[in-house]
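Each of the next two complexes has chain A plus one more chain, namely chain B in the first and chain C in the second.
Our next item is the complex of A and B:
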């Protein structure tokens, strides 16, 4: 059996002899000609196999993929067709000024994207690099429209080059940024450009300026992803669990002002909250289901971010755990996703996206992760804060137990200190020199992006996220 | 809820000379507490907290919005938009 590898220069179908004719080689002038003939004597199985080979050749020609074909030494009739395997995978269409992602494995953190066409080579520094994912917030328009070969490269390392067709537009309405685990319902974080805003008083709506600022939306999504996946707190990237998380962005500039399209509500004096009861129906229009939704908005008057916890679906499977000896559950699915309203003007020196995710990914019934910069503990089951009877009572050494392990209290609240009127107290920190990321991270002595969680909340959250991610 | 930036706290106190840290802390606590209630099940409790917040603003920080907007504009102003670094090499130039 002989084998030939190369690009498909031409593929034709001859009705007269029921044959596909394929030209394979480095150029149209130096290509070998092969055949796949459908004969009346072929069994149904053989006929189906030959049609599959033709289908594969058609796909490979359209994508510009190199193929390997096998045929007998003495004739040109093909017996097999295979694609070469690539070690990277571009995600979605390559469109100027739209998001662009490439997935792979073992990608170095200094990897760059290289687009090569007949005329130029364009190197793009990504906005985010993980070992399995490279993300660009806006594909530069300097990349020529048409066929390019894209690869990832870093000093001493390069991926395969994959053919992609770059277009000038339009950008996608729904863009999968990363596919996550290959399962029907992977844990999903959605970034939505909010179409309309409900006014403080309620009942009246106006267009959200974010829909006329697509670059601002892309910039905010990139900030959120860096905050979630690259800051010192590695909750979401431990054991590379983020490789199993699906990320999707929705920007639908065609939407008008309506109750159903308003996912954000202004709150006196400068807060914005999500309208959590609208989220499932909104996402369903795009065939999306999310566990956590970032509602990104363009308000400059109500620009303080807030979040609502998730509501786990009690009718679906869960994972049990014990907290202070009480049996509780991590629900695997949400009936209402956790959500946060974040302005696209968000101060990117802060930990706002990860902090709000900390609220949103916790749960109304199965454990709330609360703000630590205020005293009150509130009602229900709070994971990360407790209160003494009186502010003069000593802070107990032992905060509580999770899964049978005891966790200590934070006697000092890092360098901030507990005001002497406070009754509440917190858990011992992973980094005792900086505020908890659920506390006032703006008070970090150096860089808010270096704040982390406490030990118990980290362990509780790890288990909660893994229960959902591996569901 | 995003924590109060210490510079905004100072700006609020400058704009309201009688305002105390305790007033601000009480306001912050009410705001945080509001988000612990389910807006679908506990709408009445949230409304009650919103009225209390509004009263506290009216009484102690009537210029809150104005100060917060000025602070936001100040924070947003110097932020350069992040653009990916792009390097372009022409094949014909490389050949020369």
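Our next item is the complex of A and C:
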């Protein structure tokens, strides 16, 4: 059996011989001719698949894709066709000013996207690079409309070049940024442009300005992704578990002001909370199900982020663990997704997105992760803080146990110190020189983006996320 | 019934795999290096309409690959034979 690989230069259909002839090679003048013949003696199933081969060749020619064909040594009749063999995968349409992603493997940290057309070469610096994923918040309009070859490149490294057709618009309403694990219901993080805001008093709604600021939404999504996946706290990228997470963005500018479209509610004096009971129904309109939802809004008066925990679905499978000797569970699925309301004007020098994810990805019943910059533990089972009976009581050396391992208390709360009126205390930090990412990370001596979790919360969260991601 | 969801990374069509079946192999997943192998297998014993349905799935997979659209492929829990296909919104 012989094999030939190349571009499809020409396709012709000849009724005389009931054949499709395909010319494969680097140029029209340098191409080999092959054929797919539809014979009267062909069984129906053979004829059907031959027609599919012809359909594939037609699509490959239009798309500019190379194909690999096999044929006997002594004749040109094709026995198989293969196409799509690239080492990178562009995701979705290439549209000016829309999100754009390319997936692959072993992508260097300094990789750039290169779009090459007949007239110009445009290099795009991604907003996020992971070894399996390159993400651009807004595809530049400098890239010519029409056929381009897109590749990834870094010093000493380059990917295959894939033909893509760039268009001027419109951007998508629902954009799958990265598909995650190839199974039903992968762990999903959704970024939603909030259509309407409920006023503090409740019952009245107004249009969210974010729907008139699509670039701001895209910029905020990029910030959230960088916060989740590239800062010093690597909770979500340990063992490359983020390669199994689905990320999706929804920006629907057609939505009007209504109760059902209001995913955010103002809280006195300047906070915004999510209306978590609206999220499942909202996402279902777009056939999406999420574990955590970032509700991105455009309010400038209520621009302090808050989050609501997930509610794990107790009717679905779970993974057990012990905390202070008590059996508890990490639910694999959520009946109500965790959520956070983040303004698109968020200060991108801080850990707001990851901090709020820390709340949202924890659970009302199976373990809350709370703020450490305020006193008080809160109700229910809290993972990351405890309280003494009196503020004058010493902080215990031993905080507690998780999965049979003891974890120590943080006697110092980094260099911040516990106010002398506080009864709450925290866990020993992974980085004792900087605040916990669930504490006031703005007090870091150098860069808030370098703050990390404490050891127990990190281990607990790792197990919780893995239980969900590998469900 | 299992589902495999993702982008179509690669496709092979073999009209005469054996004397009684044609086969299309498709790789579906988030990246080229992380994709599951599934198949659309047309047998000589398939009825005309069943065979046409399978051919239609193969053609749809070709289109999904070129247009970089996510697909949802249903198949048996313990086999890789695609029984139904959905192409997700762009």
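Keep this in mind: the second predicted complex is superposed on the first by the 443 of 471 C-alpha atoms of A that agree within 3 Å, B and C clash if a C-alpha of one lies under 4 Å from a C-alpha of the other, contacts with A are read in each partner's own complex, and residues count from 1 in each chain.
Convention: a residue touches a chain if its C-beta (ideal position, glycine included) is under 8 Å from a C-beta of that chain, and two chains touch if they have at least 3 such contacts.
Computed from a prediction, not measured in an experiment: that's the story for all the values here.
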Which of chain B and chain C A:92 touches, first, second, both or neither: second
Touching partner for A:59 - first (chain B), second (chain C), both, neither: second
Which superposed partner A:153 touches (first chain B, second chain C, both, neither): neither
Which superposed partner A:45 touches (first chain B, second chain C, both, neither): second
Which superposed partner A:232 touches (first chain B, second chain C, both, neither): neither
First (chain B), second (chain C), both or neither touched by A:37: neither
Partner chain in contact with A:280 - chain B first, chain C second, else both or neither: neither
Which superposed partner A:408 touches (first chain B, second chain C, both, neither): neither
First, second, both or neither for A:391, with chain B first and chain C second: neither
Chain C-contacting residues of chain A that also contact chain B: none
Touch list for chain A against partner chain B, complex: 118-127, 136-138, 140, 142, 215, 219, 222-223, 267-271, 273, 276-277, 300-301, 303-308, 311, 336, 345, 347-348, 350, 352, 355-356, 359, 364, 368, 370-371, 373-376, 378-380, 419, 421, 439-443
For the chain A and chain C complex, residues of the former touching the latter: 43-46, 48-53, 55-56, 59-60, 62-63, 65, 79-93, 103-105, 132-133, 164, 172, 174, 176, 178-184, 186, 243, 286-287
Residues of chain C defined as touching chain A within the complex: 2-16, 21-24, 27-36, 42-44, 46, 48, 51-52, 54-55, 58-59, 62-63, 65-70, 72, 88-90
Residues of chain B defined as touching chain A within the complex: 1-6, 22, 25, 28-29, 31-33, 35-40, 50, 53-54, 57, 61, 64-65, 68-69, 72-73, 75-76, 79, 81-92, 94
